[in-house]
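One chain, chain A, links the two complexes that follow: it is found with chain B in the first and with chain C in the second.
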Partner chain A sequence: MRCCSFTHKRIYYLIGIVLLGIILFVAIPAFAQDLTDAEYRPFPKIGSRSAAWIAAQLHLLFGSFILGVPMFAVIIEFIGWKTKEERYDRMAQEFIKLCMGAFSTTALLGGVLVFILVWCYPNVMKKMSGIFGPTMIFYVILFFGETFTLYLYSYGWDKMQGRHKGWHLFLGVLLNVWGTAIMFVSNTWLTYQTSPAVHWSKASEATREKWIEAQLANNPEATRSEIVQSVTEVLDKNPHGPVISLHDEVSGDFLGTVWEAVNNFTWMPVNIHRLIGNIAFGGSIVAAYAAFRYLVAKTEEEKSHYDWMGYNGNFIALCGLIPLPFAGYWLGREIYMFNNTMGIAMMGSLFSWLFILQAVMIGVLFIGANYYLWSGMGRVSDGEKYARYRPYMIAIIVICIAIWMTPRTFSSISSAAELSAMGGSNHPHLGFFGLMSAKNTVVNIVILTTFLSFLFYRRSGKIPTASWKSIGNIIISSLFFLGTVIIVVIGILGFVVEPATRVNVLTPWQVLVALGVMVVVTIIDIFMYRKATSSGIINWGKMTDRSQYVLILLAITFTSLMGLMGYARSGLREGWHIFGVMKDSSPDAHTPSLSEAVNMVSIIMIIFFALVGFIFWLGLWGDKKKQTNVPMVETAAADVSNSRDD
Partner chain B sequence: MKNVIIKIVGLILMVVSFIAYVAKADAFPIASENLVPWSVWFTIAVLVNMVVWFPVMKLVSFSIGIIWFYAFIAGLMPDTSTASGTLESLDWDDPEGVAEIGEGIFNTKGQCAACHTLDTSAPKGRCPDLSDIGAIAASRQPGVSSKQYLIESLYEPAKYLVPGYGKIMPEVWKNPIALTQLEIEAVIAFLQSKGGDIDPTPFDEPINRADADTTTVALEPLLTGEIEKGKEVFIDTACVSCHAVQGVENPQAGDENVDFEVVTAPELSDVAAVYEMRYIEESILLPHKEILPGYGKVTITAQGIIYDGTLVSQDEEKIVVKTKADDGTETEHTIRLSDIDEEPITDLSNLLEKGYFTITITPAGSDTPISGEIVDEDADTVTVKVGEETQIVSKTDVKKQMTLIDYSDVETVGEHVSGTRDDAEIVMIVDGVEESFDPFDIQDVITAFAKGRKLYERSPMPDNFPDLLSVKDLANLLAFLSSLTGATATEETTTEDVGEVISE
Partner chain C sequence: MKKTSLFTICLVIFIVCWIFLRFVIGGIISAPIPNTVIAMYMALIFIAILVHVSVEDSRFTEFLRPVNETLLDDNKRTRRLILVILIPLLLSGYTYSNIAQKASPLGDPRQAHPKPPLDLTYKDEVIDTMQKAHNPYRKYEKEDPELFKEHVENGRSVYYKNCFFCHGDHLDGKGHFAAALNPLPANFQDPGIIPNYQESFFFWRISKGGPGLPNEGTPWNTAMPIWEDILTQEEIWDVIIFLSEYTGYTYRTFGEGH
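Now for the complex of A and B:
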C-alpha cells in the first residue's frame, strides 16, 4: 500500500469541502429565489458562464492529466519489466501516484460542473439529456470501471510484481481503455453542441425519412421528388452526400438516433486531438513536477532522479506535440465540412488573431524545448562539442517563428495613414509571410531544426566506430540541406499555384519531405552509432536551474494553449447552445473577446496550478512521513545503447 | 527585517497588480501626470520576488509571470468580441452617458463602424458618413423628426436611402447582430449627439420581435455549392475581368486581343464579410437593382451634349459623371440636374424605376402643363411636387404629344386628337391649328404622354448575365463569394488554413 490512501482521501475531502463551501457561499442568495421554471438561473457574483467555464476547464485540465499519464506510465512500466531496470518501474509508479492525487479532484470538479450546468442551464441540460440519456448511463458504468481499475492498478503495484507483472500491465492497459472510452463518451456531448449534423451517407434510413418529412413540412412549395433530386445531385459529386441536420430546423425536434448524435462531424477528430494532447499535457505536467522537485531537492540523489524524470516527461511531451498539428488539421477540416461559415469564423475572422497568439505559444514551446535539449548536452561530458551550432540554430528557429506569427492583414491594428502608406491592409513585403505557404514552410524547418537538436543530444558522449562514419555524416548533412532546400522551393511554388494544388499536393509533400529526412537520418544514425564507444558520462542532476524553469514554462504554455483552444472550440458556436438548433438567449449569448478569454484562462490556470501544487505538496508530505526512499539513478558512465532514454 | 518587508511588499504588489491588470483597472497614480500601467508594476513585482524569495516562491512568481505574459500579449491584439455587454437599463438623467454606451455598441456589437464613417475627411465609406447626423437627421424627410428618422432608419434601413448609397444595411435588430431595444436607443442617442440634441423620449419598436430569429443561417440554401467550382465560374464568366479578388488572377490580363471593355468594378476580396449572402445573390440576379456609388454607368444629354460614362457622385442639385475618351483620357463633368434635357416619356408606368425624376405632363381638359419633381407614383397616378405643393396627376387621363416622321425625315409635333397608324387618318393640333395626316405618308409615329428628365444608372454587368449561369453555376459562384471574407489573418478560407489548430 505504497500509494498512501489516507493522503488521497484527505485530499478528496479537503478539496471537496473547500469547493462546496465556495459554491454555497456564492450561491445561497440565488438559491433563495423562486426560479423553479426559469429558463436560466443566474450564478451569483461571477455569472453562469464564468462559473461553468471555470468548472469545465478545471475538470478538463485534471481529466487530461489523469487520462494522459496512465498511457505513458504503462509503457514505461513495460520497458522496466522487459529491461529489468527497476528505476523505470519506480518512475511509472510515481507517475501513477501523481495521477491518484488528481483523480479524485477530477471527479469532484466533474460533479461541480454538472451541478452548475443543471442549476444555471436547466433547459439545455434537459435537451441534452433527452438526446444523450443512454450515453450518460454508459458513462457512469465506465467511470466505475475506471475507478476500480485505477485502485487495483495503483494499490496492487507492489503486490503484483514478478510473475504477476503481466497481469498488472494488463490492468494498466485496461485502465487506459476505460479512460479513453470515458473521454470519447463525454466528447460526444460537447462536439454535438458544435456540429449537430451528419452526412447523408451516415444517416439511417429512418433519419433520412424524418429529415425529408421535416423539409416538406417546413417548405410547403417543395416536393419530395425535388428534395430527393437535390440530395442525388450532391451524391453525384460527393459520395457522402449533403450535410443534414439531426433536428427539425423549425420545431427543433430531434430526428436522429443516439449513435448519429454521437458520431457527429467533430466527434472523432476531437477524440484523437485530445488523446494525443493528453499525452503531451501529461508529459509536460510530469516534467514540471520533476522540475519543482529538482529545484527544492536537498540531496544529489534527489536531483539526479528528478532530472532524469524531467527529461523523460519532456521527451513524452515532445512526442505528443509533434503529431498534434495533423490531428488539429483534421478537426479544422471537419469543421469546414460541417459548416463553411463556422470554418471561416475560426480561421478567417472572429478567431483569426487567436491563431497568431497560438503561434506565439508554439514558438515558446519550440524555443523552450530546444533550449532544454541544449542544456541537457551540458550534463554530458563532451556534449559541448555541438555548442558552436547553437547560435545558427536559434537564429533559424527565431526567424521561422517570427514568420509564423506574421498576420495576414494589418487592417485591424493599423491607422488609416499606415494603411495608406502600405497601399492596403497587406504589408508590401511582410505580407508574404502572412500567407499559409510561408507558414507551412517555416513550421517544417522548425521541426527539422528541433530534430537536429535532438540528434546532437543523442550523439553527445558517443564516438561512432563505423568505418563509413564520414560518408554517413556527409549523407546526413546533405539530407538536411536538400530537405530544407526542397521545403523552401515548395513553399515558394505555393505562392504561384492554385490554392487547391497547394493544399492537396504541395503541403503534403512538404510534410513528407520533413518526415522523410527525419526517418532516413534516424535510420542512418542508428546504424552509425550502433557500436559507438562512450566518450563521456551523463551527469544526471547537473542541469542548470534555468533549464528547470523552462520545463515549468513549457507546462504553463501547454496549459494556456489548451485553455485557448477550448475557448475557440466552444466560442465557434457564438449565440447557440446547440449550433443552429437551440439558441442561447442568456445574458452571455456572445463570444467574448480574445483578451477577455485569455484573462479568464489565466485565472483558471492559477487555480489549476494552485490545486496541482497543493495536491503534489500533500503527496510530498505523505511521502516524507513514510520516509520513502528516492530511487537511485546511476550517475556512472552511460550505457551508450540503452540508458540514454531516447 | 528589511528583507521580510521587501518580500511581503513584492508579493502583495504582484497579486494586486495581476488582479488590477486582469480587471483593466486604471493605471496606478504615483504622480498626477505620471501613471505607471499595472503591467509595469506587475513586471517589477515578479522580478523582485524572483530575487528575494526562496525557491518555491520564486517558482510561483515565475509561473504567474508566464500566465500574465500570455494575457498581456492577448491584450495587445484586436478586440474580437461579438458583444458589447448586456444592457439592462439606461440612465436618461445622464444623456451623455447613454450616448457613450451607444458609441460602444456602434463600434462593437452593432458593427456600424464597419461601413459608416464619423469623419468627413476619412475615405468615403460604404455607407453615409454620420459625423453630423444629429444635425441633419431632422431635415432628411419632411415631417419626420430627427429621432423618428433615426428609429426608422435603424429598424427599416431601406426606408430612407441616402442618394448614392445602396440597400446594404442589415436590420440590426435581427440576427446575427440582434441589438436589443435598449441598445438601439443608446445608439440613437449617440447618433443624435453627433451635432444635435439627445431626445430621451421613449418609443415603441416598429417591428415584431418574434421575427428576430429569422437568421441568415435559416436562409442559406438547402444545398450549397462548391467553392473551387465557383471560382472557376468566376473566371470563366469573366467576372474576374472587372472584379478584383486577392489571389485570383485574370487569365486574360495583359492580352492585347481581349475583346471586352475593361471596366472598374468593386473589389470583392471581402464581399462576404460586408454583405449578406442574400444581397450578393440579388446583385447577381438583378445587377441593376442596387449599384455601389461610383460604379454605375449613365448616358444623359444635357444642353444638347451627350455624356456616356460612370456616375461618380450625386446630390440633390448636381451629378458628377466621368467619361473616358478614345485615347483613354478620363474627364469628370459636373452637371446640374436642371441642365439635363427633357426627353419624351412614351410609357408612364414605373417612372421612378426608369430613372425619371422630373416630369412635365398635361392633364386632359387642361391647357396648362404641370411640371415638377416626381415624388411618388402608383399604377394610375403620379405625384408631382410643384414648388412647395404636391399634385396628384392621373396617368391615364393626359394629353398626348405625337411626333410624326414622314419619309423625308421631317418631324411634325403636335397634340394628339384622334387616330393611329391603323386608322384612316391621324388628327393633331399643331401650333393651335387642327390638322389631319394620312398614315400612308408617315414613316414612324412617336407618342409621348409627357416629358421628363431622367437619370438612369445601370450596372456595367451584362443584362443577360444571370442567363449565362446554370443553377449549379450560381450555387457554386455564391459558395465562392461566401468564402471571400477579406480581413483575415490567413490567406484564404480553404481547408488548408486549419493546419494551425494545434491542441486543445
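Now for the complex of A and C:
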C-alpha cells in the first residue's frame, strides 16, 4: 500500500510536469511580446477565454466531485457504524479513495486557472483581489484545513476503527465543513461578477451613505431629498428596498464592505444549488465508476459488489437530483430580482434555447434514473409485481418532459409556411407549454413519479405485515392522486393570477405539495413495512448491461449539464467582467453562441472523463484487494432494516 | 390465430402517436404543429417505447425477435430484400427532402423575446434604468381612481387611433393588417405576453419599435414603427395602462422572478 501511494505520487508529479510543460510550450510565443503593462495578454493558440473556460470548468467538475463524495461517504460510514455492517464502511472508504485521486488534480487545475487568469486578465484580477483580498487569505486557510483533514480521514480509516470510530466520523464531518466553506468562499467571487449589488435593506449605513453621495456626484441636478424619496417609494412597495450597486456607476470605485460583496444577490442561491448539485454529481460519477467496473468484472463477487455500489451511487444522485430544480428556480428568481434585463436575457432571449437543451438533458436524467430503478426490480425475485404500472409511469414522465421541452416560440424551428398555418410564432395551444407555470407543474409531477418508482423498488420482495396495510395503501394512493391534482390546479391558476402571486405564492406551494407528499408517504411506508416479511431475494449482480450503460449516460449528462449551465451563469454577464462595473474589452469579449458553447462543453467533458478515468485507474492500480463482501443473494426483508430504510 | 409480435404492437403505437399529433392535435383540435416539434415529440415516444421494451431481458428478446428473424432466417429472404431496397430509398428520400432547395424559406431565427437595454430612454433622454423605471401614472390607480380612469380612456383612444390596425379590436393580434405581416403582431390576450414583462419593457418596445431592437437575434423583421416619433411619453404610458385594463392581465412588477 505504502509502495503504491509512492508510485501514485510520482505519477502525479509526472503529470504535473507534463501539463506545465505543455502550457509553457504553447505560451512561449506570448512571452516574446512586451506585455508587461497590457490590460489583456493573449493566451496562445486557443485564446484567453477558451483557456480560462477549459481550466475553470475542469476545476469545477473535479471540485464538485471531491466536495460531493465526502458528504455521502460520511453518511454511509455512519450507517455502517450504526448497523455494524462492514460493507457500508468499506464502500465509504472506497468512495474516499476515489476522492483522494481526484483531490490533487483539483488543486492542480485550480493553480492552472489562477495562472491563466493572472496572465490573461491582470486588471480583472487586480480589481477582484482588491475587493476580495481577505476572502482569498481565508480560502487558503480553509484549503489547508481541507487537505490535512482529508489525509487524516483517508489514511486514518483503518487505524481509527473500533473505539475511535466516533472521532473518525467527526473528521468526516469536519472535512465536509471545510469543503462547503471553500466552495462558499470561491462562489463569492464568481457570483459577485454577475451581481455586484445588494438590496438597500442589506447594505450598511456607511454603504448607503456612500451610494447616495455617488448618486449626487453623478447627477448634479438631483438632490439628496429626491434620492431618499425615491428609495422610500420603493421601500413602500418592497420591504427590501431598491437594488443598489456596490460601485460608483461612473468611476467604478467600490462602495461597500467585503461582507456586502460576499453576500451579493446570487451568492446564496448558487451556494445551495451547487451544494445539492455536488451530491448528485458525485453520486452519478461513483455510479458510473461502479457501472464500468461491473461491465468489466470477471467474477460474480465483483459483479455483486459493483452492482450494489452502482445502486447506492444512483440512489445518492437521485436524492440530489430531486431537489435540484427547486434550487435552480430560486437562483433564477434571484437573477430576475437583481436585474430584469438579465432575467429576460436568460429565460426569454439570448439564452432561452439553452433552457430547452437543459430540459432535454434533465429529461435524460429522469428517464435514465427511472430506467435504472425499474431494471433494479429485476434483481428482486418478485419485483415484477409492479411491472404493470410501468407503462403508465413512462407515459406520465414522457408527456411531462415533452411539455418541459416545448419552446415558447416556434419561429426559429419552423418554416414560414408552418408559422403562417399556426397563426404566429406561438402555437395557439402548445404555446402555453412554453410558459413557466406549465413547466413548473410538469417538473413536480416528474419528481413525484420518480419517487413512486423508488417506492416500488423499495417495496419489491417484501410483504407488509401491518394490520392497516390496506388503509395505508389507500392513503398513499390518495396522497399521490391529490398531490398531483393540486399541482395541476396550481399550474393552471398560474396562467390567470398576477405574476407576483404566481412567483411568490403558487410556485412555492407547488414545491411544498410535492415535497409534502414525498415526506408523508415515506413516513407511512416506513411504518407499514417495518416488520415486513420477505417474499423474495435480491440477486446482486443480476442486472442487465443496458442498465449499467444508463448509469454511465447519467454521469455524462450530469457533466454536460453542469458545463452548459455554467455557460449560462457566466455568459449572462455578456460584455462585462463585473456586470455593470467593469467592461470586457478583450478580443474575446463576445458572448459565445450556443453552438460554440456546446462544442466547448463537449470538449471539456471528453477531457474530464479521460482524466477521471485515468485517475481512477491509477487509484486502483495494484489495489485490488478488499472487495466488500456483499452477499450475492440476500433476503429482501433483511434489506428493510438496513439500506433501504436509511 | 398468430399472436401479434411486440415489435408490431410498438410500431403501431408509434404510427398512431404520429397520426394523433399530426392530424388530431395538429388538425382537428388545434393549429398545425411544426414538423420539428413533431419530430421532437416522436423522438420522446421512441425513447419511451425503447425504455418499456428493454427494461427486462425477456421482453427485449421478444421485441427483437422479428428483427433477428428478418436478419437471420432463411425463409425471410423476401422481407430482407424488400428492406434492403426500402431503407436506403427512404433514407435517400429523407436526405433529399432536407437538402433540396425549398420554395418556402425558414422562419426568422427569432428568440422568444428581445432583450431590452439596461437604460430606458425616450428619444435620447434617459428616463431611468430598465429595472427602476415605472409608469408614473400607475400610482393614480389607488390615489386618484378618477384621474386613473382618464389615463385609461386616453390610452384607449391612443390604441384605437394607432395600434388596432395591426393588434386588433380585441387586442388579440388580429388587426386588419395582421395577415400581411410576418412576424404577426403581438397578441396581448395571450397569458405569456403582459404578465411576463414590466411596464418599462413595453415602453421600450413601443417607443423604439422594430428598428430599436437589439443586434442580437437579427433580423427581427417586425413592422412595429418607432412610436416615440409620434406619441408623447404620457400617451405611451397610457396605452400601456389600457392594455392591462382591457385584458385583465397585470404586468410583472419590480423584483419578481420568472
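The rule is short, and it goes like this: the second predicted complex is superposed on the first by the 596 of 646 C-alpha atoms of A that agree within 3 Å, B and C clash if a C-alpha of one lies under 4 Å from a C-alpha of the other, contacts with A are read in each partner's own complex, and residues count from 1 in each chain.
Throughout what follows, a residue touches a chain if its C-beta (ideal position, glycine included) is under 8 Å from a C-beta of that chain, and two chains touch if they have at least 3 such contacts.
Keep in mind that what you see is a predicted model, and the values were worked out from it rather than measured.
Superposition of the two structures on chain A leads chain B and chain C into a clash.
Judged by the touch definition given at the top, the superposed model places A:Ile367 against chain C, while chain B stays out of reach. In the superposed model, A:Phe432 makes contact with chain C only, not with chain B. Taking chain A as the reference, the larger set of touched residues comes from B, when chain B and chain C are compared. Using the contact criterion defined above for the overlaid structures, shared-chain residue A:Val185 touches neither chain B nor chain C, since it reaches no partner. In the superposition on chain A, A:Ile606 makes contact with chain B only, not with chain C. In the superposition on chain A, contact of A:Gly378 is made with chain C only, not with chain B.
Contacts of A:Val234 after superposition: both chain B and chain C are touched.
In the overlay built on the shared chain, the residue A:Ile401 is in contact with chain C alone; chain B does not reach it. Of the two partner chains placed around the shared chain by superposition, neither chain B nor chain C is touched by A:Val74.
In the superposed pair of complexes, A:Tyr336 makes contact with chain B and with chain C alike. Comparing the listed stretches 24-32, 240-248 or 330-338 of chain B against chain C after superposition, the clashing one is 240-248.
Taken together, the two structures place residues 234, 237, 242, 329, 332-333, 335-337, 340-341, 343-344, 347-350, 352-353, 407-409, 411-413, 416, 425-426, 434-436, 499-500, 502-503, 580 of chain A in contact with chain B in one case and with chain C in the other.
Taken together, the chain A residues at the contact with chain C in this complex read 234, 237-238, 240, 242-243, 329, 332-337, 339-341, 343-345, 347-350, 352-353, 363, 367, 370-371, 374-375, 378, 384, 387, 390-391, 394-395, 397-398, 401-402, 405-432, 434-436, 495-496, 498-500, 502-504, 544, 546, 580. Chain B contributes residues 22, 55-56, 59-60, 62-64, 66-68, 70-71, 73-75, 77-83, 86, 109, 122-123, 175-176, 178, 213, 217-218, 222-224, 226-228, 246-247, 272-273, 472, 479, 482-483, 485-504 to its touches with chain A in the complex. Residues 25, 29-37, 40-41, 44-45, 47-48, 51-52, 54-57, 60, 102, 104-118, 130-132, 173, 182-184, 187, 190-192, 195-198, 201, 216-217, 250-258 of chain C touch chain A in their complex.
For chain A in complex with chain B, the touching residues are 215, 227, 230-231, 233-234, 237, 242, 249, 270, 273-274, 277, 280, 292, 295-296, 321, 324-325, 328-329, 331-333, 335-337, 340-341, 343-344, 346-362, 407-409, 411-413, 416, 425-426, 434-437, 439-440, 499-500, 502-503, 507, 549, 552-553, 556-558, 560-562, 565-566, 568-569, 574-575, 580, 583, 587-599, 601-603, 605-606, 609, 613.
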